[in-house]
Amino acid sequence: MNKAATFLIAFTLMFLGVSACMAAENMVEIKGSDTLINVVQKLAETYMKGHPDAGISVTGGGSGTGIAALVNRRCDIANASRGIKSKEVEDANKKGIDPKRVVVAIDGLSIVTNTQNPIDKLTMDDIGKIYRGDVKNWKDLGGNDTPVNLYGRQSNSGTYDFMKEVVMKGEYSPNMKSMNGNAQIVEAVKQDPGGIGYVGVGYVKDAAGINVLKVAANPGLGYFSPLNSMDVKTGNYPITRPLNQYLNGTPKGAVKDFIVFELSAEGQKIVEDEGFFAVPREYQRYNNDLLGISDNLDSSTTKYSVEGRDGA
Amino acid sequence: MAKHDNFREKLIHGLFFFNGLLVVIVLVGIFILLIVKSAPVFKVVPLKDFLFKATWNPTATFVAPSYGMGSMLVSTLMVSIGALIIAIPLGIGTAAYLSDIASPRVREIAKPVIEILAGIPSVVIGFLGIVLVGPMISRIFKLSNGLNALNGSILLAVMALPTIISLTEDALKSVPSSFKEASLALGATHWQTIVKVKIPAAISGIVAACMLGMGRAIGETMTVLMATGCSIAMPKSFLSSVQTITSTIAIELGEVPYDTTHYYALFAIGLVLFVITFIINMVSDIVLRKYQKVVK
Amino acid sequence: MKKKQFTQILGFSLLRTCACAVILVLAVILYDIASKGAVVINWKFLTTMPADGMTKGGILPAIIGTFLVTVITAILAIPLGMGCAIYLNEYAKDGLITRFIRMAIRNLSGVPSIVYGLFGVILFVQLMNIGTCILAAGFTLGLMTLPWTITASEEALKNVPNSYREGSLALGATKWQTIKTNVLPYAVSGMLTGTILGLSRAAGETAPILFTGAAFYLPHLPKSLFDQFMALPYHLYIMSTQHHSISKVRPIAYGTALVLIALVFTMNLFAVILRYKLRKVKME
């Protein structure tokens, strides 16, 4: 018994000693959005394969968690699927943090329903009504006589916020079931004939076993699907949003290197593979300005209009 | 030499005394911390409203944020009481079986079974709620989704059972054998003895066991977080999705910016939870103390 | 007469059914996890890092993380727990303070794990400013495990016959010398048994480490105690709720659950064997 205890104590002391020397580890800490977590984790994994002495750790918790961590100096990069709020900017400045934004991907927030639900398109207004709790049965919209079952995210999620600000323009119905992640929402809606959920498009790119609704900004305009990358890139699909990463000040060193990788052709291919959309020209230019990279993009006339919260 | 020894002895005594006090310091520390970090919220929301209003929406942007934990309280109590409804009869029955009827060989098997059950981590039980109990519930009740209060109650019952069983068994074993012998001598059957003599004699210990089981159920976090569906509306039935106090803290604590009303509100519901479990523990303590007096 | 017998048979069957139901519950739990988890378990699963967006590969960092955190828990809980038990059993007199201490122990064991998490965030992560790391999580779990170690240690101390103490004191040894040479050596094994049970519970806890250091994905094993860490219970939680393709990684989740249960089970078994060996020694 004594031998084991002595050994354990010696081992831990050794570990402590070694760790004290290594405390200045150059680890890039990324925290935040669950929508982004899988694509950023994939990016980190690929980056580290090519740069073996780099260290990147990725944690979730929601956009709010990430930004709170950035403001409290507990991470280097905050993943956010929404824009930073003015209160958060205030807090940050109070604590000496200067939040800067990089756009790493574009998301077409998808509205999903069960395959048994005959409705295949809705207006933004209808979606708002459903999630505010004003529509309780699918038959009110011309569907089956099934009660509506709402699935959504938890309040720490940027997707939760974005949905509320842009689509619903009102508070969520308290009957919504708050799931911990996008994938859980997809699973739930797959099994629930009356279910409806909202998820990042990356989670439904295969669209197997689930309906992805076409959405119209107004009944007069057309209905577009988030699975069509052209419609997302040109802004036809009305529920698009930039997926952001917030940093403290202009990025330097290891953080900058990783961000440059994320925005490179290889990185953006990973973004598309994960089901999101690559960053279009306008945002590329903006990103490059921040990073201090000269851009050799031609001033094409592709006007990109993104409807949605944009980091105010 | 003796004086030196004496001083050393006093020093060591003092060290151990301080070590002993540490526990009290920790408990009081937790209490004080919760109070200090939650007090500011009551400047914004009166206590009655905070406890009983049903709407919890601290991140509201289109209306004023509301901090009412009424639905959370009801949800917490619902899943816990549901758990007890399942676990108390099962637990007392099993304990009675083990203490009075089972052969020593069965007892040898049962003891480790209960210990193993007690040792299963809450996250594993929650996981089973998602993959095993949920689909079962949705099949039986023809629901679309099996994540609701009933799921939570079943899982919490599994977690509270070991506590209830072992403490009830202890209580039954402590009933003096003279009670049992007298009853049998008077012509009662074994069963009648158990039901009419032993259990009433051990009732305080049994009540204490159930209260501790309830305390365990109320304080559970991961199990309810994963299996109850997380809907903040006031539950309509056991088949509604609910969100308990513990789930709310677990969900929102990571996101909330420090030192905002929302932050204080989370500590406040933590304080309410602490007070509830504290009261349950104190009451079960008093009951146990009375019970020991009676038996002696 | 007949009715009484009939009622008894019915009653006994009822009780027997209760007991069977409980055993059945455990059997179902173990069967489900073992059958669906065993398919994933192999040497590679236990010794490699997760790969490909955590849809392949192993859970090594979670196993190591849980191990490290449990070691820190032990470092806090064992000395402080033993010390408190020594005070209560060897030094304390029956008084108000002693009653307070015992009341505090009982109540601490009933405090919800998420409240310990809240406390840990404020005390270790913020006030002591060590950030979210293995130390913060370990200390938080250590506080949570204290009541267990104290109770178990006290039991062990109580089991040491008083004659050992009296004999030593009669020979002129001081109180501390007596404890050190005549009490502790005989109580240590019992203390450790209870402590290991407490540690096995700490290893399976998720709520206290949610905000004090557990991470979704780390590329290396933690290199210092001030690093974040992956942990088995947290890994199970994210694999079953937060991951990109939860149905694809369901087998990995089952595998994690099985490893976690096996770990807890092994620690319990170790403690039981220790207890058995201890009893054998005492009888000789």
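The letters A, B and C name the chains in turn, as written, and every chain counts its residues from 1.
Convention: a residue touches a chain if its C-beta (ideal position, glycine included) is under 8 Å from a C-beta of that chain, and two chains touch if they have at least 3 such contacts.
Owing to the predicted nature of the structure, the values given are computational and were not obtained by experimental measurement.
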| Pair of chains ranked first by number of touching C-beta pairs | B-C
| note | With centres defined as the mean of Cα atoms, the chain at greatest distance from subunit C is chain A
| said: Measuring centre to centre with CA averages, how many angstrom lie between subunit A and subunit B? | reply: 37
| Taking each chain's centre as its mean C-alpha position, how far apart are subunit B and subunit C in Å? | 18
| said: If a residue has to touch 2 or more other chains to count, which residues of subunit B qualify? | reply: 226, 254, 258
| note | subunit A touches at least 2 other chains through residues 179-180
| remark: Expected list for subunit C, residues touching two or more other chains, is 241
| task | State the interface residues of subunit A toward subunit B in the complex, per the touch definition above. | result | 61-65, 68, 71-72, 87-88, 91, 149, 154-156, 161, 164-165, 169-171, 173-180, 188, 191-195
| note | Listed in rising order, subunit C residues that touch subunit B in their complex are 4-5, 7-8, 11-12, 14-19, 21-23, 25-26, 28-29, 32-33, 80, 83-84, 86-88, 90-92, 97, 100-101, 103-108, 110-119, 121-123, 126, 143, 146-147, 150, 174-176, 197, 200-201, 203-207, 210-211, 233-234, 236-237, 240-241, 250, 253, 257, 260-261, 264-265, 268, 272
| request: Under the touch definition given earlier, write down the residues of subunit C that touch subunit A in their complex. | output: 51-54, 71-72, 74-75, 131-132, 188-189, 192, 215-220, 223-228, 238, 241-247
| said: Considering only the defined contacts, which subunit B positions touch subunit A in the complex? | reply: 55, 57-63, 71, 138, 144-145, 147, 225-226, 229-234, 241, 243, 251-252, 254-258, 260
| query | Mind pulling up the subunit A residues that touch subunit C in the complex? | reply | 1, 8-9, 12, 15-16, 18-20, 22-23, 25, 27, 29, 34, 37-38, 41-42, 44-45, 48, 55-60, 74, 179-184, 187, 202-203, 274
